[in-house]
Each structure stands twice: as structure tokens, then as C-alpha cells.
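Before I ask anything, here is the structure I am working with.
Every chain is named by a letter (A, B, C and D) in the order it is written, and numbering of its residues begins at 1.
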Amino acid sequence: SRAPSKSAQIENTQANSVAQRYLDVRNYSEEICAPLAIEDYGLQAMASTSPAKWHLAHTSWFFETFLLKPYAQDYCEYHPGFEYLFNSYYNGVGGQYPRHQRSLLSRPTVEEVYAYRRHVNQAMLSLLESKAAGESTDILTRTELGCHHEQQHQELFFTDLKYCLFQNPLYTAYDTNPLPPAHKPDALQWRAYGGQLLEIGHRGDGFCFDNELPRHKQYVANFELADRLVTNSEFMAFMADGGYERPELWLADGWAVLQASPHSPAPLYWVQREGEWWEYTLHGLVRLDPHRPASHLSAYEADAFARWMGCRLPTEFEWEMAATISPAAELHETSSARPAVHPESANPVGSLWQWTSSAYTPYPGFKTAAGAIGEYNGKFMANQLVLRGGSVATSPGHYRHSYRNFFYPPDQWQFTGVRLARES
Amino acid sequence: SRAPSKSAQIENTQANSVAQRYLDVRNYSEEICAPLAIEDYGLQAMASTSPAKWHLAHTSWFFETFLLKPYAQDYCEYHPGFEYLFNSYYNGVGGQYPRHQRSLLSRPTVEEVYAYRRHVNQAMLSLLESKAAGESTDILTRTELGCHHEQQHQELFFTDLKYCLFQNPLYTAYDTNPLPPAHKPDALQWRAYGGQLLEIGHRGDGFCFDNELPRHKQYVANFELADRLVTNSEFMAFMADGGYERPELWLADGWAVLQASPHSPAPLYWVQREGEWWEYTLHGLVRLDPHRPASHLSAYEADAFARWMGCRLPTEFEWEMAATISPAAELHETSSARPAVHPESANPVGSLWQWTSSAYTPYPGFKTAAGAIGEYNGKFMANQLVLRGGSVATSPGHYRHSYRNFFYPPDQWQFTGVRLARES
Amino acid sequence: SRAPSKSAQIENTQANSVAQRYLDVRNYSEEICAPLAIEDYGLQAMASTSPAKWHLAHTSWFFETFLLKPYAQDYCEYHPGFEYLFNSYYNGVGGQYPRHQRSLLSRPTVEEVYAYRRHVNQAMLSLLESKAAGESTDILTRTELGCHHEQQHQELFFTDLKYCLFQNPLYTAYDTNPLPPAHKPDALQWRAYGGQLLEIGHRGDGFCFDNELPRHKQYVANFELADRLVTNSEFMAFMADGGYERPELWLADGWAVLQASPHSPAPLYWVQREGEWWEYTLHGLVRLDPHRPASHLSAYEADAFARWMGCRLPTEFEWEMAATISPAAELHETSSARPAVHPESANPVGSLWQWTSSAYTPYPGFKTAAGAIGEYNGKFMANQLVLRGGSVATSPGHYRHSYRNFFYPPDQWQFTGVRLARES
Amino acid sequence: SRAPSKSAQIENTQANSVAQRYLDVRNYSEEICAPLAIEDYGLQAMASTSPAKWHLAHTSWFFETFLLKPYAQDYCEYHPGFEYLFNSYYNGVGGQYPRHQRSLLSRPTVEEVYAYRRHVNQAMLSLLESKAAGESTDILTRTELGCHHEQQHQELFFTDLKYCLFQNPLYTAYDTNPLPPAHKPDALQWRAYGGQLLEIGHRGDGFCFDNELPRHKQYVANFELADRLVTNSEFMAFMADGGYERPELWLADGWAVLQASPHSPAPLYWVQREGEWWEYTLHGLVRLDPHRPASHLSAYEADAFARWMGCRLPTEFEWEMAATISPAAELHETSSARPAVHPESANPVGSLWQWTSSAYTPYPGFKTAAGAIGEYNGKFMANQLVLRGGSVATSPGHYRHSYRNFFYPPDQWQFTGVRLARES
């Protein structure tokens, strides 16, 4: 046998670092599950949320399906039933267990899912060490995609768990440490940005999702952007001013959602007890902190609040322009270095995905990958809005300023907030 | 202190035997849960089914609410949140956690529910040994009711679990022992009964539910009753003859249920694979046994089958008359001694609750108990049909010939079957 | 040609009187439609109600399908599309236009439906004059059935129209004459009836529906029956006493209906304006008359009211026994001679169908006719309750004491009321 | 009294021409209703469609509410109940009769609605002749808006009526003239457009809706646009190639709509009979014409077809750019001169609203009018897509190239079609 060529060495180094990244991401998924009781792993309070156990299995299925089966020599499928059970939405792979019934999968058990993870990890590490990985950029690229995919599910783990635990009046805390109080934020400042024809979308060689490409020209007119998010006390002022009862502040579809709801209107996790507002957090039920950014708002709530303020939501292009050209200090809560901490515990003023007014549509010239993996992002480009900025629940190393998160306007269970914009 | 009076001694003896019965029943609930994984305890596949964990907690809540709180001196409520979480439907006690969301209660955990059970058991045994129990027949009577209540939930444990595990294509077996094959039954024989004015309802001093009383006169005309239940092979003949496609065989409401279903029609647990019928049982997925009684039929299916046969379902009065006057040998599967075994494993020809054509309505002069406990049976006397006969899942010592079980006509998840009747 | 034989003459006479009866019934259907605007003919406010135009067409379809097509020589179907459009539920005849969409049938127009009626009438009169009618009792029997069928739809015309016009806040009056006030009824008296084994069901040669047969033995224990219906003022006392807010008064299914309703609870047609109760009637919106019988109650409301009174609903057997043996004077509002007048206008104390506690099930030995016509009654014997007594909307000559009307417990749009019963 | 000033004369002239325009528009609404039977005026087959009668009344209500009540001296409301019944969605005016129940309004009758129209017309003409009109540009501007509003409802009249008549298997023709056949279109040609920073939105003094403003800069990259719409034969090729069965061609939300539908997939009005395709048109059911533009497609169908072709839908900016700079001959079916004819009868290759991929969102700096009239367009800027181009049902004089029509992606009942785009 002869020594590997220089370029093979480089690729090996790259493969080694991908392997390390793989392990870090995989371990983090299990780390964040540590506080769970076995019983918590199976919760699914609505179709859009998935049980923690399902997230753990599905992310493994992703590596098994898109890496191990096509690329790992002699790889043997772990369990014949798992392809169906843990496929989320990839029609190109095959059928899927009904999404809204995932809580009915008591089997495989939590322990069996962890065994599945170990099996996949072992095979993935072998693959990344193999000659194939040194020769195929596809393997490294897809592994990187698989890691980002798992990180997305890490954030969903937090948002889904919070929503599910909230349904139980015992209001169990995920993190039994007290939630540190927020500091009173400074008065909101407006940053002005001059209109220009600029480039939008991911730049450079690093990883990005397909929906951040191609980088393309976009004209953005003069605008101003708030230097921080809207706070709970500001949202309470909206409510005190009849914000939820004044149809002129609401988009028609949002008003219809309000009227159809059996609940008296308030942000999702707000609970009123003897005239006082409390908020359910992953630290349990706490008194509503007026200084913390108002969170878990739907796009309809965000939009109504903005209209009440005589403002509007930013477009995703305004947001990206501001994030790119502003010194970090000028645009709070959007730092690309997300803290590797439990949600809600660390960042004093919080950090939330920020609704934009931009529909989630393809950039000009958008292309998807061939095969089932092409279903990753593209097929969701209808009826959703883009959110920007990351959140306290976003995994470390996952975020970029060109990142386009997307949810439906009524969705409230993500870590969402409001940054105001207005015409200059 | 002086020696207890004779009658107090008798009551003590009675209390002792009630205590023993209490323990037997309570232990049996836990015994039947032994094969479960923690994850299985939380399953709830439809609103009508409850998680095993909830059954364990609710039956304890029943003793706590109706015995310990009113009668046990200095009894301290185990947990302030449990009254709301584990109240099933007793409006007189207070509000109830939404029934269809019981699977969202990951907390209390399984272990915490077992601790709750131990707490209640200890307090109940103290109560039953107390002077109060010797002096109050209410305590013994209510304890007896609580035991029968728990036995009802034992049967629901099996029916609910079966329904929930069935939703998972892994078709997990509750009992890993093989299901013994059924013997080929003899040709169906008809037993003729002469019309008469007779007494219906519970007779004697033993326990019965309020809905079995008062014993009252009922005229029953001549009729004939089949000496055994309809079998799978007989039901397959109905299907082969287009039974599910011929509206003239069906009640209009049953036909509407069929048309609205997205599934191709077959008994609930039947699964077709490569042209062969299989059946999901608590022993896993097995080949459909033609000799076993056709089970898990709705009243609509039972009625359509009977019409196809040129027969009909019996009334509950015909059924009770036959069960009472027939030697046991003449009316199979209705013995009052139910086997203390896992469902489906022991009785070669099975034993199933048998749909009657009788609406579940009050007997003339029916009275409910005062207070919340009066909600036990009476308020359900609408829209349901009476079933008679017990099943393999019925707990030992729970069944009587005057027993009136009741479910809605479309319900399939109970251990239900068909005994044919016809005019003489 | 020779003179007809004696028996043929008798049959001819009978056919003549059937023809006269046919014409009377058919004309009455059109007479009651006279006050309608063309626009009113098409209203359908819920699936259970049908447009007036559809009633007019469907009743013609009944004669065309069950008389003209099988018996009338050379009969030519009036329109090839009508079999599908105006078949209500006879699967044996063929498919049916979706019931809940009947208001979408702007065509045939009202005028075209009247033309269809004229065509059917002409053909029916020819048939009844034909030799065939003299020789076939089937023709006369079926014509009689068709007349009673049309009379049932005449009552539905009133109940459906009232429900539909009520949806329009203009509260249009069907009858512009003022509704005469009711007299204050006497205090409620109880009539006692002694227990006995008696015969229930239609007796004699006259017409009856299949569900009133066979006449059979039924044991009825001692009971007492109120001599009049419950009034609005009595029902208001129930409401003032929190009747709609006290779950202990309600069947569980009825309570669930109340909780699921977005409306504040009250009888169907009651409207509150500035603290006063009004009631929508076919004479428009009028002040609620405290002396009129409480009407348009569901069986759940009837049952809750009875429980609040410490009473219960009668069984259909008690009701029939009382109606049969009581002099008419002792049991108001149940005279078999229904007035041929507009509903609500004539009878000072009203006359309403009375909910019984009896499920609508077959009498022992019940048989249906062969063919599609056998679907008339039998297939509805599930989930419904029997009502007895007729109403102000019942057509003249349609009612008998053995008549079994049937509706679902939540139904409110029929002319229903409450007669109380209790144990002796 | 003195002669009017010069500028008042000009305004009078303008008012005269507005009055003429008002009359033309109002008359056209009644003209297009001429073929209806009274019964057709009340049809409402789904919540999104309104009865013809309601359109006639609501457009009158618009003038009464926004012109007569605020501006006409001593104007007396025509009927106190109409404000509630005929307000569509203006919360600033007050509550609204439930939209999905409009077919329940048999009253006012058709004749009464025409009387309402005459009353409003008389008052409007008085107002337009009044001194007030000469002095207030608001009156003329709002009248112009009211005319365009009524023209929008004229197109809805056709789309709603077509949808409603289609529900009746008699397939009644609105226009009994035969539908002229389409000519075989030429092979599709691509027109290339060079990328540029351009101005989008309404230019000049003429009428436009608020949503077409402000005119603003938009960068559009190179693209190509088809010179004609997709035809039925092209859509049939898509179907023959399994287009409806291949999830990879569909947006996820569109695929979900397909899976949830009980119908076998095809364009809305296509009907299969003995293996042949027919199409329901306002001329009745006709054989599907392969040369006619494929119509009544949802945005999901349009998008899937485009993907199958390796193309995409245009953005609204591309569309407006092409329409503005192309000679009319190069871009068929988008002429601004819509024919004043019955839909589907005149234009040989048809003319359909064309789905764009652009979400219906506000242009930068978008402002709404103050008061209830500001609800006209702005509150619908969520979840909808922009359509461009007008259709055969669009009223004469109503269309502009900057016109932004908007519907939800699943909507099929409008006259919608597909113009393909692709990257250069």
C-alpha cells in the first residue's frame, strides 16, 4: 500500500473534521434530552409538533437514508419498519406514518431509539473514515446537511416540548434552574438604511441551505429598522389599548383566527391568575417579565402590533441588508454566535426569530437537488412567511444572516418575536 | 374498653373480607400492567380510550374521592392537581382535564402514579380497619363499588391497549405467548324459549350496579337463541356475499358510518396481507382463525350480519331470560365465572360481550344515588345499546347475568360479538 | 262489454275514494305553499331540512317510482334526471343527490316542479281509474302509503320552513295573521294508570305504517301521566333555577351538546331583546306567550326539565296505553282529529309531538316490505327516540294513537313538547 | 344666483361623465342577470361564492354606505336591516350576516332587491347632480371606486354562478348560444426580457386601486415568458404523464389538498363520461376543447404543470414588465380592452387571470384610506397570490396592466390559467 496523495490527505482532514462535527451535533441532541422523563419523550400535542423520541429517530433515519444506504458498503438497514415510521415527508423515499399520530408510537421504546442512534453513529463514523468519503464530496456535503438538519430538529425539540408540557396544568419545568430576570431595555432606537440595489443570499463557500441561493440582486428602498425587539410591556400596552378587539389592526385572516378561537386572546404561553399575568417557560410557570422580548407571537399578532405602532414588519431583504451591514452592536439579538445553552436561560433580552412580511418563495433561479433530498426545502414554498435572526433555541453553529426560516402566519409555538420597521 | 358486640364482630369480618377483596382487585390492576414498557402507559389513540397510566390513577382517585375524603379521619389529599386530572366525568366533584388529551399528561410519571396508588392503598386499608368501617355500611358498600369500578377499568385497560398498540405497524404483542388455536365449533343450534311475563334485573343481596335495578316485570314473547356466538368463518361468508356493499342489510346510520370511512370495510382488527386475512390480537398479529368468535364488531355490523342470516339480535330481556333459565352448558360463553387470564389466551371459543337490540334506558322506577356518585351510570342512558355476557377481558368475580354493559352502536374496540336470535 | 261484478264495483268504489283522498292530499301540499315567495322554496338551512320545492318534487317522485313505473301501463318517466335528484334515501332505487346540497338545485324551477306534479297527478288518476287498480290491492295500498308519505312531508314543510326563515334576521312571517293568544292552562293534574299486561300497536284494518306492527303484548307497571303539556312559563322557571347550568339535571350526551354550542342556551326559537323573551313563530317574531306549551325542545331538554321536576318522560307504551284508554278530555292535545289549519294559529294550548323515553326499535316480529319500499321506516331504527301525539303541523287524517314518530335526541326543529310522567 | 365658475363647469362635466359611467356599470350588472331564473339568484355552493341577488344588493349597499349616507343631504336609509345583511366584510361599518349563510336570505326577494337598486340609483344620480358633487372630489372618486367595486362583483357574478350551476347534474346553461370552437393555437413561443431595475405599479392620473401604489423600483433579472397560455391539450399531456400522481411535481400544501380530496383529480369543471372528457361552461356541458386555454386551475395545479414543463410561474413584476413593454401582439390574451360579452363566448383562445408566484403583499410605502373604506384591499394581504391579466369575465373598462387580482392558492373557481416563465 502507498501513502495517500496530498489532496486525499486534505480530504481526510476535512472528513475528520466533519466526523467531529457529526459527533458534536449528535451528542448535543442527546444532551438536551437528558432532563426528560421517559414519559416526556412521547408527547405530541398537535400535528405540527413531534415527540422528542421521534426527533431522535428521524434525524438518525436521515443519515441512514441519505448517507448509509447509498454510500456505506454492505450497510444493513437497522430495522425494516423504521423507514416508514421515521420518514417525515420525503415522498421520493416512500410512504410515511401519519404525522399527527406520532405519539402513538410507543415502540420502538426510548431505549431502542438510543440503540438505533448508536448503530447509525457507528456506521456513519465508519463511512466518514472510509476511502469513499475521501473520494466523494457528496458524502461530506450530505453529512454536513444531515448535521444542519439535526440542528433544526434540536430547535424543534425545544419548541415542541414547550408546547406539549404547557398542555399539562402541572406546568412541569424542563430546566429547574430559575430563569434569570431580564434587564430593562433601552428605549427603542431606529436605524436608517439608504435604498440601494444590493445582493441578497448566501455568499461564499460555507454551508447553506438551497433556499438561500442563488445570491441575486434585489432593490431595497430607504427604510428604518428598530434596534431591538418588542418587549412584553410594549405588547401589554397593545392589549390594554384593545389591540385584540380592534379589527382595523388585523389582517382579515388573522382576525378570523381570533374569532374562531375559544380562548380569550393573549400570547400563547400567557396565563392569567387572579388578575396577574404569568408565562409558561421551559423553567416552569413564572411571572411575566415586562422587560423580556414578547415571544411566541403569530405573524398576525406581530403584524397587528406593528400596525398599532404605526409601523410594519420588515421584508426579509431589509432584514438581511441590515444584519449584514450593521455592526453587531447596532442590531441586538441577531448575533450569529448563538449561545450553546438551554433556551430562555441565558440571554437577558432574549433572542427570537423575527417575522418578516416576505412570503417564503424561491429566489430567482432557485434549484433543488435531484432525488428525494430535493424535497428538503423547495416544496414548502407556499403559504409561509420568512423569519430571520435565529433564537435562543437555535443550536450553536447553525445560524447565518442569510438563513431563511419559514412558518405559517398563525404559528405561535416557535420562538418568534417582532422587530419593527418603517419607511424612512 | 370493652369487647366488640357480636354484630360489630360480624361487620369486622365483613370489613376484613372487603379489605382482602380490595387488595386483590388493586393488585390485579398492577399485575396486568406488568408487560408494559413505560412508553405504553401513555397511549391514547382516540378520545374513548384512556392511557393505562390514567386508568391506574383514576381508579385510585375514585377511592380517594368517594371513600378517603369523606370518611377517613385526617385524610390529606395526595396531590392538589390530581382531583382535576383524574376525575373522569363527575361534574358534582368539579371540572375535568379534557378527556381526549389524556395522553398529554406525561406527568405524573408512571412511577409517581404507582406511588399514588400505594398511598391510597395504605389509607384505604387503615379506613377499612377503622372503627368507622365497622359502623358504616356506606364505607363497605362504596368500597365494593370502587372495586367493581376498578374491575371495569381493568377490562378497559385491555380494550384500550389493544386499540392503541394496533395503531403502530410494528403490531407489538402484549402477551408474547402464542395464542392457542380455537377448536372448530359445532353447528349452531337454536334453543327455543316460551313467551312469559317474567322478572328482569338483579335478584338478591349481592352487589350490583344501580342500573340492574329495580327488578321488574317484563313480558317476553316466544323466541329462539343461538347456542354459540358467530364465528370468523361465518362472518367471512357474509363478506364474501357482499355484506359490506349491500345497503339493504344495514341500518341507515350504520351505512352512513361505512360510507364515511376511508378504510375498506372489515372488522376492526382484520389486516389483509397478500390476499390473506390476519388479525391483530394482544398476542400480536396472527392469521385469522376461522373458528374463533367474530369479535370487535360494531352493533351495526352485528345487526347487518344478523339481517343477512334472516335473524336478528336478541333483546336484553331475552338474553337475561335465557342466561338465567338455561343450564350453563346450553348457552356457551356466558358462564358467570370469568377466567382470570389474559384476554384471548384461554377460552377456546372465546367469550365476548354480545350486542342486544335494547337501548340502554332506565328500568321502571330506576333511582340514582345522591351526590356525585349518582353520576356513575344514570347519565349515560341515551344513545347506547346494552351488551350482555361478559368477555375474556372481564375480570374474575365481576360478572353477573343481570349485568348491563353499554356502548354506542358504532363502537368496535370492546370485546364484542354476536349471538343470533329469531322468532319462534 | 258486460257489467262489472259486484266485487269489482266495490273495488272501484274504493279506488274512487282513494283517488279523492289522493287529490285532497296532493292539493293540500300546494295549498300550504301558497304564501311562499319563489325564493322561499329553495331554502335549506341544515342537512336535516329540505327545501319546500324538494318536498313537492320528492313526494311526486314517490308516486312515480312506487306506483307509476311498476303499475301504470306505458308510463313514461317525466324527466331522466329526477330519479337521482328526488330520491331521498332509497338505495334499492339507486343513488341520491347529496342531501345537504338540496338548496343548490335551482333547477328544476318551482314552475317546473309544479308541472311535474300535474304530470304525476294525471297519470296517478288514470292509474286509479284503470282496470289494474281494480284488480290489484297493491296499487290502492301503495297509493294510501304515498298519501301518508306526502302528509309526513307536509308536516316537514312547516318545520323545515320555520327553521329556515328563522335564520334570516328579517324574521319573515309565513302567516301574516296574528297568532291568537293562549289561555292560561289549569294547574297540571296527574292521571293514574294501573299496571297491566296489555296489547300495543295498531289494531284493525285501517292504514298504519309497518313500524306500528305487529300488535303485541307489553307489560306496563303503575304510572301517572300529566294531563297537559309543560308550558313556557314552567320552562322559564326551569331556566331561572339554573336549569341549563346544572349538569346533574342532564344526560351526559345532552350536556356535551350544550357545552359545544356557541349559543347561550334557550329553546330553539327564543330570542332575547332588551331583557325580554320573544319567540319566532310562523306568524313572525312575537312576545313569548307564557301559557303556550313549551315547544321545539330537544329530548335532552325535555329530559332535563322532567328531572328538574322530579319526574320523567313517559315510555311510548305508557303513552299509548293512556291515549287509548283515556277519554279524550282527560288527555289534552292528543286528539286524533288534527285541525286542517296553519300551524300555531288555531289550537289555544297547542299540540306538540311528545318525546318518550323509548328508543325507536322494532316491535317483536317486525317485518319490512320487500324491495326498496321496505326502506321506508325500518332502517332508521337506531339512535332515535319515539315521539307520540301529533302536532299542530300534522296533516288532517294522518294521525293515529299507535303512530310512532321518531327523531334524534338533539333534534329541536320539530314541533316537540313535554308531557311529564312519574311513578305511582 | 350666478353662473357657475369655470372650474365648477369642468367639475360638472366630470360629474356628468361619472354619472354616465355609474349608470353604465349599474345597468350592466342587471343586464348580465337577465338569463337567470328567480331560483338561480339565491345559489351559494360554498362560502367563497355569493348569490347573484346578494351581489346586486351588496354593490348597492356600497354606494349607500360610502356615498349616500355620508354625502347625500337628507338621505334616508332604504331599509334598517340591509346594513347588516349586505355588508361584506367592513368591520368599521358594523357586524355582518355570516358569509357562508347568504343563500338563506330568501328575503328580500329578487324584486325587492331590484327596488333597492332603483332607490340607490335615483339617490346617486341626485347626489352626482348636486352642488356637493361639484365641490367634493371625494364624491367623484368614491363613485369611481364604487363602479370598479361593482365591476369586480360582475366578474364574481360569473365565477360564482358557474360554480353553483355546476353542482346540479342538470348542468344548466347560462348562455344557450353554442360556445364557438377555439382555433388551434400556434406552437408556444418564448419572449426574452433583459434584467433591469424598473418601476412597478400604477402610473398616471387615472383610477387605480390602492394596492397598485405606490409606483416603486423593483429589480427584475433576465427571464423569458410564453407568448400564450397553456392549453387543454397541453394539460391533458400532463395528466397522461401521471401529473396528478407524482408528488415531486407538487408543492407540499398542494399535494395535501389533492390527497384530502374525495374526487379523482382533474381541473374543476372537467367531467368524464364514457372515457371522454367534457367541460362545464356557462354554455352548458360541452366536449373539452383541446385548443382552448386550460382554465379554472388552482395555483397548485398551475405550479405543478409548470414544474412538469421544466418551467415556473412568472412573478407579478415580470408579468407587469412584459405586459407594459411588449407590443400587444406579442403577449396574447392580455389586451386591456376586455370584450363586453358573455364569458367564454367570444374570445377564440380565451383570456384568463394568470397565476403569478408573487405573494399578495403591500408595495413599499403602501397606504390605505382612512375609515372603513380602507378595509377594501389592505387587510387581505396574507396567504394569497397575485394574478394578472384579466379574463373573459372581466368587465369592460375595468382592467389595467398594473391590476393586482388575488386569490388563495387552492382556489379554482375563478377564470384562471397558466402563462409559463423560465430563466433566460
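Annotations for the structure displayed:
Assume a contact is a pair of C-beta atoms (placed from the backbone, for glycine too) under 8 Å apart; a residue touches a chain by one contact, two chains touch by 3 or more.
It should be emphasised that the depicted structure is a prediction, and the values quoted were computed from it without experimental measurement.
Inter-chain centre distance (chain A to chain B, centres taken as mean C-alpha positions): 46 Å. Note on chain placement: the centre of chain B and the centre of chain D lie 60 Å apart, centres being C-alpha means.
Look at where the CA atoms of chain A average out and do the same for chain D: the two points lie 38 Å apart.
In chain D, there is no position where the chain touches two or more neighbouring chains simultaneously. Chain-to-chain contact here is organised cyclically: the chains close a single ring, every chain touching exactly two others.
According to the touch criterion at the top of this document, the contacting chain pairs are A-B, A-D, B-C, C-D. Residue ranges on chain A touching chain B, taken from their complex, read 37-43, 45, 53, 81, 84-85, 97, 101, 103-110, 164-165, 167-170, 172. Those residues of chain B that touch chain C in the shared complex are 89, 91-92, 195, 197, 216-219, 221, 223, 247-248, 250-255, 299-300, 303, 312, 357-359, 361-362, 364-365, 374-375, 379-383, 409, 423.
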